[in-house]
């Protein structure tokens, strides 16, 4: 929670970052180096050159022993690996279900203390855009990808209750350079705020099993983080400066425009039916 | 939700403003012209000269066919018409009950998409000043006027559930140039914030049936808008700058000072008994 | 709450029963005679022969002075008068809005202590049949008749908060000789249980402003009366014995069968659109 | 909801029962024949001789096309298939995750209307035995098996929200001939009550996505079904008659006896650590 | 939870009963002998002849070392000692505050596992008789005696959170041979039900820190025990058979009859003001 | 709520400050002189020189008649007296239980209107640091000192319900010059914010019985004051500027570090066991 002073020793000896090569992995990777002596970065795609404090490991999450090897000497994990869009179920199953199980089983066996789990706003994407929810609302996933994130949240709850392995489920909104449409004005999470959410999740003395919506301080809000105030996350950015750069929403849309009707947006339409057509 | 650019087409073709000649109608009337190609303004009192984009119509809400005529070609309505203070019940009945029914029936028949309904904080004015309520608290009207606003909220709920006609019930606090007494420091809604609340209510892609307390960002708060965060309303003003201009409240008033004891203030005393004296 | 002994004096001197000639008025009329020395029975239709303790008064609720006259010497009112089905709004307005206002204004002026107000399950009929609600759920009326009952509930809340005139809002289910279809198996209120609900509402030492769903102990329940346990109502009957006499519901109906989808049943379809056809 | 008369046509044309050969499948199989003209029974173990109205199909849930074939002409499914005890994760993944996905995808494609999904009390088994929960409490699975049931509940929520395919998640307690220990006195679900819970889940006109704890009317209760009262389930049995036949619990156990401390009982200890030993 | 068989060993080796000579102490004393090999009974008044399994100890709760001596070899305590009516504060302070502290401190030091603490409905007696509360409602004591019971509940919460010493706070209604007035018809706890509540509180494997209203299954209910269903208490008796033997309540009492207005009844009037007059 | 103008008469004639010589008493003492013509300051330690408007009285709260004398002519009390750290129970009992009773009894007898009661965050200190609570959460005191503050809150509730004597229970966080460790970054209440909380508590026209967590606008929050928004307290300070001056917390502490696990911090360990060692 506290800022660090130059002279402080780094609080973590080794952090593991999975999915280090993805959109968000690339954003958070440099920050981890400020917080840990060693940062192990992993993905199934190329990760570029390693910094002095980095250990680059190529590992597929569906490979159990590869995941076990990843955990050696790790204090805490930022788990961004897996698939983060709608996909055929067999692919989601390997990456997000089998892979997440491997991650937790290996972390628990290796004595890891905490995992920051990249969950998604799509675990509750079928709530209507006219309802404000908090982190205790029952899940209403909006696609199969969202369903696999519900699995991950349930699995992490189990590993905390059973083994004391802590998790922050970070339900990430839309984390891009800039919002691109009216929905993203609501769900926008700036890169800076994303990194701050990861920092809070790693540095809080205790998190138990916590859930946090990762979203900037936008004008319109669907998600109420009051149960997560113990994590100390304060968004510094907002989508307000981008409002004039985004195509304006059509007011008074009809009830049959379901991508506007539900918080998940077009993900709601991305399910198995669609993939058949 | 997004700000508009000069070059954007106006999102509404025609808005209807009822009660255009009243205190708040005069405030919001100019803004509507920025949002719609045509603005139909209506009242039973004089409305002054019409701007180029305005259609001035004299109509009594208790006249069913006049109200039907008002709705022709209208996308959305800002309904400020009716009586907004305590009055003898027969008058309230004509203006606020029969009139509001005419408005909703005609709007539904004409295919209007949304109504911003000027409800009032007096639908919950009998909550004590020591309790903070949200928009799901059961109604506790503080006068007959407040009871007729409860009718309007229930009617609008019905029109949404049955016909999909959306409504934002805007429970307006005290919207004047400046707060005039200690209670108004709590209930103050600046004109600018009032217009912003109307804008949010009109521009949100979906509102379903929503309730929003219209109140600026005052120091003391009786009303919690967290269920309405999806509307994107953020007060820009506050009564704090006016605090020193208002006669100070007497601290530690007795429990028998019922105008201080209930949120409705002196409205609480304005009921039928009083009118007999 | 207590049973009465033969030798006890009757606890009420005079009760007033409005709507005494209707379906439910005829059921409860004899019971009132056991509880009060005098029973004033009123309606706009014929009421048959008066018993020795009865005062028969023909009065239209929309006639203010007639209603005032009704209240003379009355301790408490069982208000069943008005329209209890969907009807054109002007008729509902006269009977259920203007009439109910007359009733409360006159009762308050005459010093009446309590009113048992025949509200209706149709104030919440737009909740889906898959949701269980309690008496604090926001209203969702399913027809204009239901909207007028929301008015009555709000009005009675005001008269209690302002003047201390107590009310029990009895949200009556389906009170007939026997349930006639699958929905009524859920909403059935036997005549005996209806009378018991009125008795509890009259005899509890204090009721303040209470809401009670009037429903027998049926197998399926949509309404949870736990906030009303202070009234002491215990249903003695159930629709279970009637289950085999009613045409069985079709299981797994489609989402487009809205009369099965909402608690209000066919009332949901009875609104202003329908009346135009 | 209603009892059936001899002369009524059976309300379902074809029901599918998966896991028909298991402990509970054998119990409910005969009842299904009273409710449907055809009953398709399926398992990966022997199912004995088929009754005249039965279609016996051997099918592995992890075989996608086999599951698709199962759905032909089916109105509704009672899905008891899969693994219902703790097991190595790869086995649970095939049976309970991949298999359940196959089931829902095939059911949706085939136009099935409703699924009664055998969920488990182990989705919330990590709540302490000193807390009473309802069906909206966040999941706290007590083993990997429980985690896979959380997946099934989330998946079924998605299929209802996206496609309208209804599900009742039946969180089954301990359904055996008789309770065998002190915990089962709390979690006992008699076979008769189990069948009644399935009947209610199939026959209610609408269920949307509902959750019901399947438990008899035992003395001690950890689970509150009030949100499921619309399903009409009333337990007829209780564990009370078995109390004297079960080894008495030790009162005032220590906090370190975690099998007594959590609702999941010994399942809490059955996780991945244990399976390694 | 389970009934005991003749041949079972008694589950407790030694129980301590304080206040054994009082109204309720005399009722529960014989039952304790069925549950424990030794029963230590204590009071500051005469306790009559000891049964073979009983140890009679005269001890004043405000005497710290006497209380320490009481705890030797004790498994669990039924703490009925202290003052159970309104009294001058210095007396309440000695008996109910200092005495209860002595009891908990000594119990914790001696390794006692559980205390059944005789709390009182008067910790919430200032809730109005028109409101139904559960065991999580904030305290609203109706007299100084009630305030001291709030102290005891808070103290016991501390001893559980800090030391694991379990407590059931039994908020006893009106436990007498028979109800004597209209209020007691609501608050009546038969002696049999009182003993059963103590039995459940002692025998549940885990209770943590639980609160249970001790009340029979009376017609009117102010108290909702749903958070205590894990204790397995089911009232077997009711005040209904006594209804005709009690002076009937006056219906429609005025708001100024505060003994009828609040759940605490005449206790509400018994405070320090009264004692001065 | 309103700022005062130079020319306004002071709203209070006489305020009483107990514990005026303590850490917080010294902070608030000068401010009281701006709000009242006379300020009576009291303690059992030296209070330095009196200002012109001050009346210095030496009084021990456990001395009933001394406390009665203190109340003469007092409008409202800021009660900071008593012990505010863990201490042997007999000392806490005299100062915080007997003393607080004397204070309330004397205030009520003297017609005092309102008391600002210095409660403590330690009344809920046994909530885990991973949970955010509001002012309606049941108490979970973390030490005997906290238990005595629970007594004071219950006592003050009684005096309001019974006699109309208003109280704000100010649950003070950590009010020092600066936070000294990681926990205090969460619980920090600046002196300026402390004085503002007292001002709001004194000046609100009505407070009834209110509870307010006294805490600055720190980054991490355990306490949600939304039920207290009617008091108008807005923190102006934050611990954020101090973050770099405090030894950083160790992230990912173990579950066995109970001073980090519970909100009460080291107070959790300060109980009677500890004092024996």
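Each chain carries a letter (A, B, C, D, E and F) given by its place in the written order, and its residues are counted from 1.
Just so it is clear, a residue touches a chain if its C-beta (ideal position, glycine included) is under 8 Å from a C-beta of that chain, and two chains touch if they have at least 3 such contacts.
The structure displayed is predicted, hence computed values, not measured ones.
In this structure chain A contacts its sequence twin chain B using mostly different residue numbers, the overlap staying below half.
By residue number, more than half of the contact pairs of C-E reappear in one of the listed pairs C-D, E-F or A-D, namely C-D.
The distance from the centre of chain B to the centre of chain F, with each centre set as the mean of the Cα atoms, comes to 41 Å.
Averaged Cα coordinates give chain B a centre that lies 53 Å from the centre of chain E. Rounded to whole angstrom, the centroid-to-centroid distance between chain B and chain C, based on C-alpha atoms, equals 32 Å.
Not a single residue position of chain F touches two or more of the other chains.
Taken chain by chain, the contacts fit none of the simple shapes, being neither an open path, a ring, a star, nor a full set of pairwise contacts. Here, these are the chain pairs in contact: A-B, A-D, A-F, B-C, B-F, C-D, C-E, D-E, E-F.
Against chain C, the residues of chain D that register as touching in their complex are 1-5, 8, 11-12, 75-76, 113-114, 164, 166, 202-208, 210, 226-232, 234. Those residues of chain F lying in contact with chain A across their complex are 128-132, 182, 185-186, 219-222, 224, 243-244, 246-255, 260-261.
In the complex of the two chains, the chain C residues touching chain B come out as 89, 93, 97-98, 101, 105, 108, 123, 126, 136, 138-144, 146-147, 150-151, 154-155, 157-158, 161-163, 268, 271-273.
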